[in-house]
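After this come two complexes, each holding chain A, first together with chain B and then together with chain C.
Let's turn to the complex of A and B:
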């Protein structure tokens, strides 16, 4: 029996299948290769992928298990395929969007034209949790605030793409994009044959070029670049070690660094060594106890002043959270129009703001149809899925919203697209999203042709976050000249 | 020690290293060709193996024995074909035969690791491999590493060990040089092809594959942070004294072994092999990658290959013929 036996699209946009049940042209070859695969063989490859993940330590701890059982990160082997024309559209849209958001950030920390022109409400921006008034007037190198961005895209029932959020602070997950590809080529090489899939392995090389170019001018000949991690207990620690290794740079914690006379040094066996560029994976709040949270042990006292003096560069810059705030999100299409004078390529999801009296009434009256999110939290925490919540849950949440309207936004539930995923002994549709990684360097914006596709592994679930039981897929971007339906040979 | 024993030790070292090199090449070559941006302009399957046949110098033998360049035949040829002297099974089998002849020179754990893996290899066939080549090729690499680890840990620091090391490092230096030579040739070919979609030059992926095939990708970045430039790749793989698979490192290790074997001090080499190895090591020490590229990488690597052969010949003449 085929692993696709009885596969149902259930009215959702399915990445692999047309509504009539036949595979889309760009999935045809992959479908044929998978459809006839015996279950045992598919399982064997799953086991090997899991083993690879366990051996490499790409695992998470099962909480409450005293033996410290480690489970492999859920990786679904069926790749998600994006044809060249769709990718070009996404690339255009994200390039436009990041260009605008960067100009917005610069404006907010300087003249604030956009607020005076009332294209975005001033109280919304200046009241955002991640707005850093301490950072007004500072000038990051080249005027670039966001060097690494991970934007989340979803598709609706018609297959149209929407930007769901931008991660402009310390976006994570790129190591999974790179590892998923390596693992899939190893455990499932035959799936790749004749498909013209673009490689992603130049991501770290490109990132390193951009980071080096941030160094102060007189140090640019051979700058010292480091990756600053909160440490081994951070959930993304694996990614930090992976990136430091691939970039060939030191992985440092706050306690390895100190600031002297506005210059950052790291403590080495051969004495202090000057640091020029910090790829930081520590949030603003914890970066510098002198400036932000005084109780932070993760940061480096004096780092912010050193940064302002220009002796060291940070990627991403400080205060970028003002532009990925969930309430500011509602105005991002305006932001694109305001700075670039053009229509946004990629639309956003209709958004109601708790801070707006009219919107607030609408939210409270339609809680059973809306997804309500806390404006200041990420990772799928602090949200209400209205349509699937119980009346009690909704009532409880309504109280929370009334107590602090500014902290909440609401969006209609989008029936996000699905793709086949493996469940026990067959394939079933699961909801997915798409996170491409966008690099902004002194010579412009680059998007490596690949992404992290996250999967809500639980049946019917819309939540793809890894903290909420999400898994991931390898994401194939096809090259321009891909021919569909070429005969396979393995 | 007996010339015959020394000869066997030398060849055990060489064959184990050769087996590992074959596994590495197949692994990286096969997996990196899966993505489009690394395929040749023609993008055909048949072309993806031609450079590998060229590196191993076995294109002619292959065409005599097989009709077309398809994955299955290529794997059969490089992994199990005993008529192909550099197939993985053939080289490991020869390492084992040599070890059997000098078992008393080795620790019993060394012999056992060679023998166990030989028996393991015999259990495999090409159809089992081709379902998931990485599993098999990784196992081969691990077998080589296990053997070398046991050697390091158990064997007396004496002449037999120096012969094993001479074989290992001479072979490694030659393999790295050959790999670079052929891949460089490939990449130059490709530069004339139309640029592919994506925003990076085609050859970047090629260079990444070259580095990965000798496990150099991460270590390269620790040494050269400016990105992947041909000049730096050449510097790292040929001239770097500290990278264990570089030509310079291999020849340096060979030289050290030869001094100890001859009982000569470093500054007064007394034998022809020492003189040749020392001369090559000195050239590699004082040369710059830019100079090599200026005069042409291919002629340079060719001359390195010839000089490695001369070192091998001189060793045979001075010590091993019996």
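Let's turn to the complex of A and C:
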């Protein structure tokens, strides 16, 4: 019996199958290879993949989970395939978006034209938790604030793409994009035959080029780049070790660095070594106890002043969270129009703001239809899935919203697209999203043709965050000259 | 008036400390009211001092890595103060409250209209605003003068009665504090009344006051109340001082000093302005070592005849 026997799309947009049950053209070849595979064979490959994951120590950490600090990251073997024309569209949309968001961040920390012109409410921006007044007037190298961005995209029932959020502070997950490809190639080498899949492995080369270019001019010949991690208890610690190794740079914690006369040094067995660029995976608040949180032991005292002096570069810069605030998100289409004079390529999801009196009434009256999110949290924490919540949960959340309206936004529940995932002995549709990684360097924006596709592994669940029980898939972006038919919709 | 400021701060640590990083916010600003002619910072043990221009003013920064048991910071400034007569532009008689209702003003000065770390917008302060309103004319300046006087009258200046983290609510209940508390309380009232108000750190010259201020202020707004209070020794001369600046409808930021019941004039040397003390603390530091330390600070402000 085929592994796809009795597979149902159930009215959702399915990445692999048309509503009539036949595979979409760009999935046809994959379908034929998998459909006839015996169950035992498929299971064997799953075990092989699991073993590889465990051997490589690919894990992540779930805060508040007592079962232990690290978990293997569930990996679903069926890749998600994106045809070239769809990818081109995504690439255009995200390039436009990051260009505009960077201009926005620069403007907010300088003249604030957009606030004076009232294209975005000033209250919302200047009251955002991640707005850093101390950085008004500061100029990061090349005027670039966001060097690494991970944007989350979803598709609705019609298959249209929407940007759900941008992660402009310390986006994580890119190691899974790279690792998933390595594992799948190992477990299913033949799947890749005859398919024109674009490679993703130049991501780290590109990132390293960009990081090196941030070094102060007189140090650019052979700059010292390090990756600053909060340490082993951070949920993305595995990724930090992976990236440091791939980039060929030191993985350091705050205690491994010190600042003397506005220069950052790394403690080494050969004595102090000057540091020029810090790829930091530590949030603003924990960077420098002198600046932000005197109680924090994670940071490096004096780091912010060293950055101000220009002796060291940070990626990403400080204060970028002002542009990925979930309330500011509601205005990102305006932001694109304002700075670029163009219509946004990629739409966003309709968003209601707790800070707006009319919106607030709408949110409170429609809690059973909306998804409510905390404006300042990430990783799926502090969120209410209205349609599936109990009346008590909704009532409790309503109180929270009323107590602090500025802290919440709400969106209609989008019936996000699904893709087949393996469950015990057959495939079933599971909801997925898409997180491409965008690099902004001195010579422009690069998006490596690949992504992290996150899967809500629990049946019916819409929450794909790894911290909430999500898994992932390898994501194949097909090249233009692929021999497979590409679908024209989108 | 040509004023010289010598501000020394000495830290003595119980044990030797290392990795001592400090940010200093002590340099008088230069604007239309004053010129900072000279400014020097010296640190003992010696350290290289860096200067950064930040939104609140110039910040000096240094670090000391080797072990040390004490730290002396000496800042010396020479400032020429020459503000226009503060009362000349003040509108006391006309209701100018519409100025503060403009959306542009609310957006531009949002930072000085909302609660901040040390300035919660306590509803109790509404009563203080109402009292001041009853004692003043319709103009905003008149209200602010009345508020300055009211706070001076009801609050007791009591050094040592509060510390930097004493909540404003407690200050309000006990009705006592130091210049920081007076300033924070006045900020809370002003912001609740939608008047943009900021915390001003600086120095005050306390010598020869009554001789000099009276002729310079022909429109002294409360001649009937210029009683013995005015002749008391001014407070704030032996340490860094704090007062409040409010945006007046003519677009000027005017200083009001509730600790001394005065409107800022040529005796006042402006250093930095921020939302509250946290933004402009004269020394912010962090070091590695025992938390036990002793701080002594001394400020001398004297009048100079010539540069």
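Basically, the second predicted complex is superposed on the first by the 472 of 490 C-alpha atoms of A that agree within 3 Å, B and C clash if a C-alpha of one lies under 4 Å from a C-alpha of the other, contacts with A are read in each partner's own complex, and residues count from 1 in each chain.
Methods note: contacts are C-beta pairs under 8 Å (C-beta built on N, C-alpha and C of every residue); 3 or more make two chains touch, one makes a residue touch a chain.
Since we're looking at a predicted model, the values are computed, not measured.
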### Task
Judging by the criteria at the top, classify the pair chain B and chain C on chain A as clash or fit.
fit
### Contacts of A:454 with chain B and chain C, given as first, second, both or neither
neither
### Task
Go through the superposed model and pick first if A:435 touches only chain B, second if only chain C, both, or neither.
neither
### Message
One more residue to check, A:155. First (chain B), second (chain C), both or neither?
### Response
neither
### Message
I want to verify one number. Taking the Cα centroids, what angle sits at chain A between chain B and chain C, in steps of 10 degrees?
### Response
120
### Query
Who does A:418 touch here: chain B (first), chain C (second), both, or neither?
neither
### Query
Should A:240 be classified as contacting the first partner (chain B), the second (chain C), both, or neither?
neither
### Task
In the overlay, work out which of chain B or chain C sits against more residues of chain A.
B
### Query
Where does A:359 make contact in the superposed view: on chain B (first), on chain C (second), on both, or on neither?
neither
### Touched partner set for A:301, first chain B, second chain C, both or neither
second
### Query
Touching A:196 in the superposition: chain B (first), chain C (second), both, neither?
first
### Task
Give, as a whole number of angstrom, the minimum Cα separation of chain B and chain C in the superposed three-chain arrangement.
30
### Query
Intersection of chain A residues contacting chain B with those contacting chain C?
none
#### Entry: Interface residues, chain B side, partner chain A - complex
30-32, 34-38, 43, 45, 70-71, 131-135, 196-200, 204-205, 208, 217-228
### Task
Please name which positions on chain A make contact with chain C in the complex.
115-116, 122-123, 126-127, 133-134, 136-137, 258-262, 289-290, 294, 301-302, 305, 308-309
#### Entry: chain B contact footprint on chain A (complex, rising order)
41, 45, 48, 84, 185-187, 189, 192-199, 201-202, 204-206, 208-209, 212, 222, 225, 245-249, 446, 449, 479-482, 489-490
### Task
Using the touch rule from the top, collect the residues of chain C that touch chain A in their complex.
19, 21, 23, 48, 50, 52-55, 61, 63, 65, 104, 107, 110-111, 114, 284-286
